[in-house]
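So the structure is just underneath, and the comments pick up after that.
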Amino acid sequence: MQFASDNTSPVPPQVLEALIEANHGYAMPYGAEAAMTDLRDDIRNMFEAPEAQVYLVATGTAANALALACLCPPWATVYCHPNAHVEEDECGAPEFYTGGAKLTLVEGPHAKMDPAALERAIGFTARAGVHNVQAGAISITNATEAGTVYTPDEVAALAGIARAHDLPVHMDGARFANALVAAGCSPAEMTWKAGVDVLCLGGTKNGLMGVEAVVLFDPARAWEFELRRKRGGHLFSKHRYLSAQMGAYLRDGLWLKLAERANAAASRLSRGITALPGSTLLHPTQANAVFAAWPRAGHRQAQAAGAQYYLWPMDQTLDGLGHETVSARLVCSWCTTEEDVDHFLATIGPASGHDR
Amino acid sequence: MQFASDNTSPVPPQVLEALIEANHGYAMPYGAEAAMTDLRDDIRNMFEAPEAQVYLVATGTAANALALACLCPPWATVYCHPNAHVEEDECGAPEFYTGGAKLTLVEGPHAKMDPAALERAIGFTARAGVHNVQAGAISITNATEAGTVYTPDEVAALAGIARAHDLPVHMDGARFANALVAAGCSPAEMTWKAGVDVLCLGGTKNGLMGVEAVVLFDPARAWEFELRRKRGGHLFSKHRYLSAQMGAYLRDGLWLKLAERANAAASRLSRGITALPGSTLLHPTQANAVFAAWPRAGHRQAQAAGAQYYLWPMDQTLDGLGHETVSARLVCSWCTTEEDVDHFLATIGPASGHDR
Amino acid sequence: MQFASDNTSPVPPQVLEALIEANHGYAMPYGAEAAMTDLRDDIRNMFEAPEAQVYLVATGTAANALALACLCPPWATVYCHPNAHVEEDECGAPEFYTGGAKLTLVEGPHAKMDPAALERAIGFTARAGVHNVQAGAISITNATEAGTVYTPDEVAALAGIARAHDLPVHMDGARFANALVAAGCSPAEMTWKAGVDVLCLGGTKNGLMGVEAVVLFDPARAWEFELRRKRGGHLFSKHRYLSAQMGAYLRDGLWLKLAERANAAASRLSRGITALPGSTLLHPTQANAVFAAWPRAGHRQAQAAGAQYYLWPMDQTLDGLGHETVSARLVCSWCTTEEDVDHFLATIGPASGHDR
Amino acid sequence: MQFASDNTSPVPPQVLEALIEANHGYAMPYGAEAAMTDLRDDIRNMFEAPEAQVYLVATGTAANALALACLCPPWATVYCHPNAHVEEDECGAPEFYTGGAKLTLVEGPHAKMDPAALERAIGFTARAGVHNVQAGAISITNATEAGTVYTPDEVAALAGIARAHDLPVHMDGARFANALVAAGCSPAEMTWKAGVDVLCLGGTKNGLMGVEAVVLFDPARAWEFELRRKRGGHLFSKHRYLSAQMGAYLRDGLWLKLAERANAAASRLSRGITALPGSTLLHPTQANAVFAAWPRAGHRQAQAAGAQYYLWPMDQTLDGLGHETVSARLVCSWCTTEEDVDHFLATIGPASGHDR
């Protein structure tokens, strides 16, 4: 009963097989291997973006920070939701890579920026000329940190505001596959057709060992990206082991199948929890994470049974609040089974409703 | 009728005289002039801080950013009010000088941080170990950007929270003299006795051409400060012209007299405005700035008469809102006269109450 | 006949097997997996350094830059050889991670810093107080970029100078295993016993997909390192795939066996080339790289036969110089065979001596 | 007998008078004062550059570092002479402001870069694609740190190489006036007509309290410069006291007259020293500094008489070397008189030739 994070999962067999296959003989280093050329073509085709440039790095933080550094100068600010990974979970990597830019927090329900709040925030930035930081870029996380999903129309609404202010748009797609299968749209519809300039296409959380693709729909900043990647220590010499993994991930729709399984598990879990008396959802379950509150007794039982998950917000404790229910985050991954879900539901269910 | 900012004022004659006097013959450069030694001693005496180190720079932004860089590492955050100069008016200088630290905004009425909000903000920072930025330093602006003043007890309350979390305390004292005469306390009581580690003691807004003193009550970081100052391009070769100005400013209590005049003018202005029908104060008038709303007609008359001041917040326009009153910021300086104030009050007064 | 770089090689089967084994079930992320604890203990034992802290990253550039950032403040300089990887091949990563420190180049034959030159360079730095950058750290590359090896005594000579000036010592050990087997000493003798404070222990060039260990012999800066690693985007969530590789690498002396094979191949190659008429070595062959000049005709034959290697220095061309011989770099790896070497020697050999 | 530096001098009366005049009434802050508009026009006229943008800062280090940051991205390098102020005397300010760029040192006699060496250095930078830092900008100091002067043709030779590699050219003109009167050319001939993109036009060393003008001949980067200046803490609120000084400096050719006096004093001093038996010049005396060696006894006499100057190189001591002569740097300023020079010459002269 492992629901702590999708980053505790192993990789599917296809990824291991791809590594084994990539391990024959010598290969050109630094992305010059033949497999990278193929992968680039595949991503261009998949995104209907023949001009796009594609780079691989090993962590989502590197992908986001490098991308933002190409979009936002040091004296500007990135508009993002207060719950965005770039704000909360990267120890200031965007500030480091941009050379000291700011992040401006734009509220909105369920970890999605509200367009009106974005418009206000941009307007406020412009008030004092040289004296305050300038508007820099927009960062949209999809799927969000609350397990919700922006539709292409919702992305386009935010990107349209960005465009009106001549600002570029970054998408943190650490869980892009989960968002895509939830929204039921094409990769192009979710990104450049909706106004996204740079996508960080996650692989790690959805089944790779540590590979993310950065897709620059406008190749004008490609060389700058390459220099920043090298300078950040993120250019792999034995790059073939990155391209092999990402190639296997995208081949035959594996990435979407993995995301479908994770999302389906979360959906089953969400339905099961909301069926319990005294339970509520904190956010709609749209991707692979469930945010819910249920009776304290059920948490006690889950803990006794060894279930792994975080109380959420993280500064809660099981005994520290007066409420009868306690809220938590449960994350499913590609390898979460129906049995895992049902076992967990059975664990928290029966005794719920009365604390002990 | 100049109320746009205290930075539009000239300098008092004592400052010019000090420059003329300092201009004789050769002098050692880079702060090695004799006048700097004297000034350092004066400041140590005045602050009852014999160990303090004292450095001069030419702008408040430089003083604040250099001080914060010595207190807060790149991977940490500075807690300050959303209206703080370091957040709103320095184009990201703290982020630049710290190497990419963040600012965490702590709310509170009248531009003063609320201690409970500070405690919560620090607690929230600590939630996720290496994954988010660390707690770095506290920055208190006194007098505030809203023309209010922290008492020594209020400073001590915030600094006590800082101390409990092992965080250093910075005071942005661009209008320190105004705060001091308002609070009626000694320099030491307002600073290190209340828990302040570094004070940026402003001179520019209160009568100098461009000189601020940075007072490090703990000299441990003095050499680092010197290196950061040089590296930031803020070490003057002909430093004598800085020490001469600051020396004249502090001599015979000139700085306090200048601040008393500015505060008295603001007080008179505040009383006059609140006596007008339909007027209200946005913030208590405690230092040299008045934030008030009065009828639109009075603004029209003031503008016609050439009065200089900013509508506040700055994104307002005189005609853009439906209200009958419009709010503004009026800043007095050491050279604002009673006649200036009374003339302004007469201008906005008579026709007020009905818009035209 | 692949001699372009050791980074074109595949990984040995033990590494793949370790990945397969690590792929079972869930694992704690971010280095909290059990295998990392074991690995840390192994490295402590191997280096006779029970207090050392150990961190994994994926590239040598990241390892070096993060380590140097912990040792050298932004206003200081790192002393290194002009041919050091940190100077020539990291696109300014040390400058980026330190926040703008300098590198001061210290000459010496065969890519090894001359102690007298180091002493002079440090002395020169100290000349002007706050006006120039300060002495920061020493960086020693072992094995060097010229395929030579510092003995423990040579390391100690440089580190002793550092110590006398209170400067910390970094060792870039991207080819540490090659240096170790060449010098025939223990890991401790080559590092902390000789005065090294931080070792970047390379795995990638010698048989891993992309894993380097940073060993901090003094753990005082460990938490800073962790924050810098996270902030640089170098903390892997699925960290188990790094620890698994490094664990396999160090187990049963595999790393030393791989290095012995590479060094032996280079030695055979070096002997073979120097036996050719008209050939000379540019640097003594002490590790896994050969720097030699041989007749142009031999290069022509090698190229025709598809041999891969770089002319060295890299700004040479085969036809651009008037000399009869042309110099090149040939790098052997763990998978270079005696047959590869002999085949190459046969290719360049017979027709040598007369250009065509 | 003050020859330590031109920064020990006072300012001429015209500068004080300009400050007194500027001190009447209120003035718009931050460079919006009327005097700045006039000054900008004057500089445009003087340089025959109607499109140029002009900004004022208070130190030469700030001027250089801000200018270079606009010309050179973080992943590139600035080509300069090893004796350049940006390399030796700014504590890494260029590295700080650029966000971690490098400086590449280009040798040449008498502190002037050799064009062939520059060409080689640029060629070397290009060798390894993404793996090393990129070519960024050229920085030429005129007059140099050795008291020599580049002619417009010599500037054009270096700038032509820069242009051929698509690199911008910065001129550090901390002693620009001294260079100009020495070369006998127009401001335009020495700068943009010779290929200079940005000039840092010094005022401080030649008679101001602390004002330097940055002249951007191409205004494309003007807004970026303004943001960097603000963010660096170098935008003065009471900017009128900068523009007043620089206005007085340029009015009626005062700056050139001051430089002529300094250069003439140095020339007299140089002739006098070289007439002494056993004396030699280290560099030709072309501006306001003399680098010469003369007998140790003469130094002893000068010191006994209280003369101020630096032994040069600075790591020398009067007794530390075995030579009979000791070398020194003597800097003249606008207020050095013929009497000062003759008195000094008399002091070092008579007893020279035999050490005591």
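Note that the chains are named A, B, C and D in the order they appear, and that numbering of residues resets to 1 at the start of each chain.
Here is the rule we use: contacts are C-beta pairs under 8 Å (C-beta built on N, C-alpha and C of every residue); 3 or more make two chains touch, one makes a residue touch a chain.
Per UniProt, the chains are A, B, C, D = L-threonine aldolase.
Because the structure is a prediction, the values reported are computed rather than measured.
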Taking each chain's centre as the mean of its CA atoms, the one lying farthest from the centre of chain A is chain D
When B-C and B-D are ranked by contacting C-beta pairs, first place goes to B-D
Cα centroid separation, chain C vs chain D, in Å, comes to 42
Averaging C-alpha coordinates per chain, one finds the centres of chain B and chain C separated by a number of Å equal to 52
When centres are defined as mean Cα positions, the distance from chain B to chain D in whole Å is 35
Going by residue number, chain B touches two or more other chains at 74-75, 90-92, 96, 99, 130-131, 227, 230-231, 235
Per the touch rule above, chain B residues touching chain C in the complex are 30, 73-75, 99, 130-131, 134, 224, 226-228, 230-231, 235
The answer for chain A against chain B in the complex is residues 74-75, 88-92, 95-96, 98-103, 123-124, 127-128, 130-133, 313-315
Chain D partner, complex, touching residues on chain B are 2, 5, 7-11, 16, 19-20, 23-29, 57-63, 65-66, 90-93, 96-97, 204-205, 208-210, 227, 230-238, 241, 308
